[in-house]
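The two complexes that follow have chain A in common; it is paired with chain B in the first and with chain C in the second.
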Partner chain A sequence: MKRSLSSLLGRTDGWGMPLVVLFIIAGLIELMRPGSFGLEQLALICASAMILVFVATGETIVVMRGGIDLSVGGTLSLASVISATRADLPGLDLLPWLALILGVGFLIGVANALIISLLKLQPFLVTLATWSIVEGIALIVQPSEGGTVPPVWFAWGYSRPFGIPISVLLLMLLMLWWAWFRRTRMANSIRAAGSNERSAYLNRVSLMGTNIAAYGISGVMAALAGFFYATQTGAGSPVVGAQYVLPAIAAVVIGGTSLAGGRGGLTGTITGAFILNLTGTVVFLLKLTSYWQIVAQGAILVLVVITGSIVEARSERSGADR
Partner chain B sequence: MIPWLTNGLRSPSPILLAYLGALLIFVAVSLYSPGFAHPAHVSTLIVIAAFTGIVAIGQTMVIVGGGIDLSVPWLLNSAAVATTALTRSSDAALIWVVPMILVSSAGIGAINGLAIALLRVPPIVMTLSMNVMLMGLLFIVTRGFPPPPTPLALQWIANGRIATIGLPVMLFVWLALAAIALVVERRTAFGRYLYAVGSNRTVARLSGVPVAGTTIAAYAISGFTAGLAGVLLTGYAKQSYLGMGDPYLFTSIAAVAIGGASILGGSGSYLGTIAGALILTLLTGLLPIFRLDAGALKVIYGAVILFAVAIASPQLRRFFRRE
Partner chain C sequence: MKFNLLRKLALGTLALAGLFAAALPAQSADQKKYTIYLSNSVIGNDWLQQMLRSAEVSVKKGPLAGRVDLHIETVENTVQAQINSLNNIIAAKPDAIIVHAGSVSALDPTLERACAAGIVVVSFSQVVTAPCPWKVNTDWTSTNHDIPVWLAEVLGGKGKIIVDRGLPGSPISEASNKEIEAVLAKYPGIEVVGWYTSNYELGAEQAGVAALLAANPQIDGILTAGYGTGAIQALKDAGRPMVPIVMFAYNGSATACAQEPGLKCMIYTHPPYLSADAIKLAVDVLDGHPPANNLTENNYPRLTTDVVKGDFSKGAEFIKLEIGKNVFPDLPPGLVLPASPAWLDITPQEAAGTN
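Moving on, here comes the complex of A and B:
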């Protein structure tokens, strides 16, 4: 029985409920303003949600590993600032710079993982410290919002390869990546280490290796988010990342990934990110000030978690009865 | 000689190291820049440290109990805005406004505790959500209008000196609160429960510790100290403004971590947190001397936290003992 239950969990990754919530919110929006989900509108929604989706993607992997990554706030800012310092670049140099930015993100992640694994320290404190350090570096590189993104990158951010808006294309690529990654040996190891380090270790799962992979992916994704932010706004900001740390964790939790580790997946997280994004549309349609969006996001997060814990408690109880 | 001293020197406790660190920074900077040790400057630093120190009382208790309180910044900010908006610069109004704010702050903390203890919401999720909800509501309520200036009595408490001895009033406020915190931590049943809950919930529950009550009380205290810091901070800043609580999320947690408490709960003491608050404030004092900007301070803050938690790491200690 236990095996069938876990295989069921493995198949849905807990994204059933958030998907229902997303459809309810989308339905409400469609009722209030018919035609809100045409192709053009979807492209706009996607473009505004992608930054959060990228950050939350990395966060998902780290949380599955049983950790948490607060440093994504710093990495996102640093990546956006680096993207905005080279307006003079001719088009051909885009790729090496993109590689450099993603490399910086990867190195930050690896540093997190090494500190956590080698010194056996708590991820929360380590990444709180590295968040501060990396944001500090971003502030040194560029003390305030501004700079200019190379025109080529700016054009890339609004391009439509094969007629598909770039944000939609990126989302599809991300989902393809997840469809491949979730079945790999590494993903299984990350889940195993996240649910129980000791038994994972005894089964020859490398605790440090899975940490490096998880935090490394998180760093790359945060850097990608910063790069995407820069292409969308045309500038860099040394402090913008702080705005995405809570929503990223919120998207992960709403998406059904357990903060205790071992369980979850990207499908739920992406759903969670879009839920958080659409609350903004709802608040706008209700003609409320935009600050209600923040309140609504906090309330949704708490409600989803409370509902989840009540459902879990009930299923545990009925399981015990049998 | 004295057993605790020799033991302390052989394997120094994180608390002792934190105080030594604070002393080292102070002496080194004073030698480099003599004005640093000037009594007027020192008392300014103490006042600044006191605010972090007061917020960190609640943060220490919550962390010792195995949780974390990320709702501190906007709870503090709400208390600050309420203080100036409700008193309308009148000293007399403080008599009813301040108790009301402190009770409400403790109540909001208790709501955090209730959801965490009874509904099993993870502390990070609950307190972060509380933080953003308070932030959103505060923006909605104030609509960006600046409230009137702080009542003078409150300004005196935060900025004043006791004339005969020349020491800042805030020093005594902080000392009194610290004494209460240490007594609560060491000499009360609640204090013992807190360490029990923080080190192992299940064992604590089986031993008859009121786990839920202890958790709720810890978050209520954290709400109370954050609210109190907010009230006092309006005295220091002579006004309230949106965003004034933001630095305290990082500094309150950092002070606890530097003070040697484990973020997993069950260990630590406010005595260490005081040293943590002093170190963080001394580092802020470096800015003008070395002409550092905000970015450099963030890098230093992060490095200090990493250093402090690394020193406390059992892994590192084992490594050095092997040598």
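Moving on, here comes the complex of A and C:
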């Protein structure tokens, strides 16, 4: 039984273990405060988790490609301040404006990919530099928190199409996108290039093409996060992005995506983001001082990584036995 | 006879009790005990720790003693964590929430929801833009106006100065920078020869001032947004004479100012006991005595070595620095002055956490 469970968890792209942790956390919360996951509460939980989920989505793809993207912090900030600059525009004129915001995110990602691929530089250093540049631009666009988001966008951020809160709907759309994307040729190429660049290259996988796709998606997702932040708060912030960079990487790792590249997926990352999000609630309901939240998040990170590697080793061994 | 004696005794006791009741502050129906949450965005600097201590002291003594069941929830400086935390607080249905917000706008929808749930919300220090919460803050408009006026006047309207930009992205810094530029435009003899960014940190302040001292042979005054002691040290390291400095009301800065020979300075404050003021305001609202205005702004007195005349804000007050009276060399340098509002008696030791 023990063995079959570990092999079952081992087969899940790494998200089996974090999902178990998430269920335990959610169970604890429901036990201590019944009704914590009604539609209203779920909408609140999703709305507050979605910004992190978007950033972590892009980060997942980049990490699968064997890279890392710190510039998402700057892109998020820049997208949020651009979103808060045109409160005067009427409804339909906003669509090109949204396209522009996402386009800026994409271009930042492409710039990262080109610098990394052409100059053969470390992704960590390149994206650290672009983060700084982009955040500087965000401060130039809007030197402090504020601005006003177009009323249509603000209303959209709290809308309920088909009775479903927008944040829940976005989460569902994102999962549908992943269900499609993970099976595409591009996703396979990204995994292959992340796992072993040399053999991927020999198999005619474009290293630069996969980089452009991965960092491009990451840029768009970070811009989407910034846009969503603006619709939720009604304003932009030129410095808010920094708050999401490390948690996004933590969500990716908790979700079972390997920082070495090649393996992982969005299911785990979303699970990881919700684990990080709900830890605070457990700490609150246990009436512990809130500093325990930071301790708990670190402990979960370590726990998930250790158990994940044990489960993985066991399932590999049981696979070899067969 | 016996009965009479008993009756007299009983009557006397009653009368005595009545007398006591009259002498005591009104313990009437409005002396309810309230559950209040303090939602705090971050901890890490002296100001924030003193803010939390002031809140704790305010419900243990003075007019609020025994009237508030205070819970403090601090998050690790992310908007998302504070929104999550507030959602949990709202679900716990307290009487009031007082908020030290990590963002002036990001918490608005959440706080509006708290108001809609019938919870009294008070935002203090970095006040939010949502219309519903009550707000308590330093009168920054007056403070930002008076800072450059003092320096310009003490320099006799003539000289080269350097200015701290504070923390990039922070609305308080941004407003301050704008006002400083606007006021200095009225003093053509004052020239800003350099800006630096301190992030309200001591090390960055010292490095910023040192770099500008190296680049400018003549600097006659320094407008810091922080400790000021970093600027003093940079002047000493560069072997330059002391010049007038504006600084924030840390006890260490005020002490350095009072003890450094020849140093002229002005010290403005943004007191951590705003948390206590916010709790009092929440209790007043819950008791049915709300203030007339949604926003309460206080133009706090400033400490200085040199009281000068000038075009200061209405109600601006300057008090001479006095060791032992308003400056305390024996207490930690991170203590922010003054320690207590007038309605309460937070001792400097309680505020510093050394009692």
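Please note the rule applied: the second predicted complex is superposed on the first by the 287 of 322 C-alpha atoms of A that agree within 3 Å, B and C clash if a C-alpha of one lies under 4 Å from a C-alpha of the other, contacts with A are read in each partner's own complex, and residues count from 1 in each chain.
What we mean here is this: a contact is a pair of C-beta atoms (placed from the backbone, for glycine too) under 8 Å apart; a residue touches a chain by one contact, two chains touch by 3 or more.
It should be emphasised that the depicted structure is a prediction, and the values quoted were computed from it without experimental measurement.
When both complexes are superposed on chain A, chain B and chain C clash.
Of the two partner chains, neither chain B nor chain C is touched by A:S189.
In the superposed model, A:R33 makes contact with chain C only, not with chain B.
In the superposition on chain A, contact of A:S309 is made with chain B only, not with chain C. In the superposition on chain A, contact of A:T210 is made with neither chain B nor chain C. When the two structures are aligned on the shared chain, A:S218 is found in touch with neither chain B nor chain C. In the superposition on chain A, no contact is made by A:T75 with either chain B or chain C. Judged by the touch definition given at the top, the superposed model places A:V126 against chain B, while chain C stays out of reach.
When the two complexes are overlaid on their common chain A, residue A:T267 makes contact with neither chain B nor chain C.
Judged by the touch definition given at the top, the superposed model places A:V295 against chain B, while chain C stays out of reach. Residues 139, 143, 238, 289, 291, 293-294 of chain A lie in contact with chain B in one complex and with chain C in the other. Of all residues in chain B, only 68, 115, 119-122, 124-126, 128-133, 135-137, 139-140, 250, 253-254, 257, 262-264, 293-303, 305-306, 309-310, 313-316 touch chain A in the complex they form. The residues of chain A lying in touch with chain B in their complex are 68, 115, 118-122, 124-126, 128-140, 143, 238, 246, 249-250, 253, 259, 289, 291-295, 297-299, 301-302, 305-306, 309-310, 313.
Residues 72-81, 83-85, 87-89, 91, 103-109, 129, 168-171, 173-174 of chain C are the ones that touch chain A when the two sit in their complex.
Note for the complex: chain A touches chain C at residues 33, 36, 41, 44-45, 48-49, 51-52, 139, 143-146, 158, 229, 232-235, 237-240, 243-244, 247, 277, 280-281, 284-285, 289-291, 293-294.
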